[in-house]
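Remarks on the structure that follows.
A, B, C and D are the chain letters, set down in written order, and residue numbers restart from 1 in every chain.
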């Protein structure tokens, strides 16, 4: 059994699957492409198994809170009630059940737009506190924000020069800065890839 | 067996960067210590932990909404390397780190990373499985629960590294309003970076996120691999200069070659 | 924040009608539809998810109103899981059946369900629009829908109007470059930059830029509505944000002068 | 019951918004109810979806088409649950190392051509020469900004030039951040306004 405990074994698995996926993109060869496709399909299935792991984690965490009457245990109890009842409804009556679809539209569907919406207020307060010209760089940030806002505001369309300045900021300085970030990001991911495949990376598979 | 059209140059570039990294790793093995500039955001992790210890609070760690199996995989793993280091610091100072997760597949990996951090600090008993919390696979589950943790559980500092989307603004704003000391960044989603840059005390962007694990490890071999990545950037810069000169002379040669 | 809230509520209750200019690319979509020969078939393709819908709702409703008044037929196809429900909601909201009694469902317009598979689905729809569906969104078998009989292949589609919350790559690659169908895009504002190069290259019939484009469209069809109110509120909120940024900087300057 | 639910429905939507937004004032019980209900529903929803997909893509092919090779991912999936046993928990590393391998592969292969090469190509074939030159310079600067090696290794005379380039890079990155900040405001503000309008419609009619 100690063989299965060795870190090298798992690094090797990562190395092989990773390299296979990369070669699949560059080389057209049936056996390789089919294996890679099958492997990707498997991983999707494994990920579905993992989701149930999330359910278990939820039960353990909130169950313990309720059991020990810990912080917010009443809310935890309510959460567990929702999880259990909705899971059962979903599995046995399908997602078209009125209660399921009711919660789907009005809670699940409404929270996203509300969440995006609440940010408008956060942004407003950030505009006051975070956009201060403490340095030259911060001044550039502030200027870009102000002109982009004017450019994007419907009313900006009738102000003189704003559309031209806005266009220029979008297509020249912003494009230049973004490009460097994207190039760096690509190289970063490529480098991270090699470290992961060779087992240097420490985010997973600790000793 | 043939190359897929349009991937020859990509393969060469990939091979170049990887060989440059291996070369520098080997050099580091030979005893030549790579010199790396400071990344202030990563150095600030100690300060984040210090503050939490001083005020008797906790540290919130957010890994974003990325999973392991898609393009966001490396970002997620990079975030977990930060979690491991952060856990080690926290364990040394005797404080807790709370990590809400949206991807159930990350639970085992995050839990191992945190546990290892506690073991490295020589304090494995202090590790609590309960601090790894699954908060549904929705980004809004993450946003509301982080807001809740900031509001209810005395989170004094927060570290956000991973793959983020729209929810990150809600989390960092809630943190900023509450006066939480924040270090944050994401690697790939360029549209969300401004929030980290403008609202966090320290921010990481793009490549710095991917380099976090190697940087924090202080392991010469990993630092060597970062120097290898620099070769890739120098190559890119060279290609841009060469390509622009060719463009001035009206040639599209390099443009066409890169598309091969 | 209260001020912000009030500024957003005022136009909702009573639109101010801040004038907005109509962009060329919005007008081009309108004109293209106006100039199509009567009885043309327009495909309204959709992939917007529920969280981004508020940005697209304005245009969707204005478009259906325009199509209802016009002499054309239209087929609604969905490439996003949430879209069919959102679209049927939009049709109900504008009372399509009552407002336009001469448009017969099944003969003049039809709402199809969700086609999974992203770009692959877009390609297979263009190849064989009849073959990819067995029934419409409401469960009517496709044999009973006379409009679908006219739609045999890509050449029967006179225009695709694409209401979308994602980037330009796949629709342009498939519908424009492969099948050469006239194509008008209506992306959310975040994705507009990805469509711009194709628009500038003349590959798009026109472009509707998010809620702003939607409001312009409302003006074109002569039915100013929620889109204009949203735009009023946007203008106010943006100006207010800028004011806050300026106040923040004044505050900063004063404290520096005092301190320094 | 369906009738009752449909009358309730817009009110619940507005209540969710109010609950969420009330956080702006302070963390409170209504926010907590929204938070826990949402997480509960979303967890259940993900589970239901996962089970449906497993039935369709795993159980059905095995039972109906005797596609026994799919037993491999089944075993791998189940190995994730060994983490609840102290002695066997290391076995969870099997599925995880495969997942990480695939994720790494997918990310690396997507980056080289679609990101790295495409960005270089766009920079060296600009539409307008003067803007193009500025973009190229700013791109060079921001690429330099990410160089990790410290400048100690460089010849003394080039250090000011190198640092200048990095400074340009920082400024370009800030401009990009500012523009992205402004662009994103449109989406966020539209969402806020549309939620408010829904509420206003409900209260005023």
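Note that in this section a contact is a pair of C-beta atoms (placed from the backbone, for glycine too) under 8 Å apart; a residue touches a chain by one contact, two chains touch by 3 or more.
Every value quoted in this text rests on a predicted model; they were computed, and no experiment measured them.
Undergrad: What's the overlap between the neighbours of subunit C and those of subunit D?
TA: Joint contacts, listed by label: A.
Undergrad: What chain is the most remote from subunit B, judged by the mean position of CA atoms in each chain?
TA: Comparing chain centres, C lies farthest from subunit B.
Undergrad: Which chains touch each other through the most C-beta pairs?
TA: A-D
Undergrad: On a C-alpha centroid basis, what's the spacing between subunit B and subunit D, in Å?
TA: One centre to the other, that is 13 Å.
Undergrad: Taking each chain's centre as the mean of its CA atoms, how far is subunit A from subunit C in angstrom?
TA: The mean C-alpha positions of subunit A and subunit C differ by 26 Å.
Undergrad: Which whole number of Å gives the spacing of the CA centres of subunit A and subunit D?
TA: That gives a centre separation of 2 Å.
Undergrad: If I count partner chains per residue in subunit B, which residues reach a count of at least 2?
TA: Residue numbers touching two or more other chains: 7, 10-11, 14, 67, 69, 74, 76-77, 104-105, 108-109, 134, 136-138, 140, 144, 152, 166, 169, 174, 190-191, 193, 197-198, 205-208, 211, 226, 229, 233, 236.
Undergrad: For subunit D, write out the residues touching at least two other chains, lowest number first.
TA: Residues 20, 23-24, 32, 34-35, 38-43, 45-46, 80, 96, 99-100, 102, 104, 106-108, 112, 116, 120, 123, 136, 139-140, 143-144, 146, 173-174, 176-178, 180-181, 183-189, 191-196.
Undergrad: On subunit C, where are the residues touching two or more other chains?
TA: Subunit C, residues with two or more chain partners: 1, 5, 8, 51, 54, 189-190, 212, 234, 237-238, 241.
Undergrad: Applying that definition of touch, give me each pair of chains that meets it.
TA: The complete list of chain pairs in contact reads A-B, A-C, A-D, B-D, C-D.
Undergrad: Inside the complex, what are the residues of subunit B that reach subunit A?
TA: That would be residues 1-4, 7, 10-11, 14, 17-18, 21-22, 25, 67, 69, 74-84, 103-105, 107-109, 112-113, 115-116, 129-130, 132-134, 136-140, 143-144, 152-153, 166-167, 169-170, 173-174, 176-177, 187-188, 190, 193, 197-199, 205-211, 213-214, 217, 219, 221-222, 225-226, 228-229, 232-233, 236 of subunit B.
Undergrad: Applying the document's contact rule, which stretches of subunit D touch subunit A when the two form their complex?
TA: Subunit D residues touching subunit A: 1-2, 5, 8-10, 12-13, 16-17, 20-21, 23-24, 32-51, 53-54, 57-58, 69-70, 72-74, 76-78, 80-81, 84, 90-91, 93-102, 104-109, 111-112, 115-116, 119-120, 122-123, 131, 134-146, 169-183, 185-189, 191-196.
Undergrad: What residues on subunit B touch subunit D, complex-wise?
TA: The contact residues of subunit B facing subunit D are 6-7, 9-11, 13-14, 34-37, 39, 67-74, 76-77, 104-105, 108-109, 111, 134-138, 140-141, 144-145, 147-148, 150-152, 169, 174, 190-191, 193-195, 197-198, 205-208, 211, 215, 226-227, 229-230, 233-234, 236-237, 239-241, 243-244, 246-248, 252, 254-255, 258-259.
Undergrad: Show which residues of subunit A lie in contact with subunit D when the two form their complex.
TA: For this pair, the touching residues of subunit A are 4-5, 10-11, 13-22, 24-26, 38-56, 58, 72, 75-76, 78-87, 90-91, 95, 98-99, 102-111, 113-121, 123, 136-138, 140-149, 151-152, 168-190, 192-193, 196-197, 204-205.
Undergrad: Considering the complex alone, what residue numbers of subunit A touch subunit C?
TA: 109, 112-113, 116, 120-121, 123-125, 127-129, 131-134, 142, 145-146, 149-150, 152-158, 170
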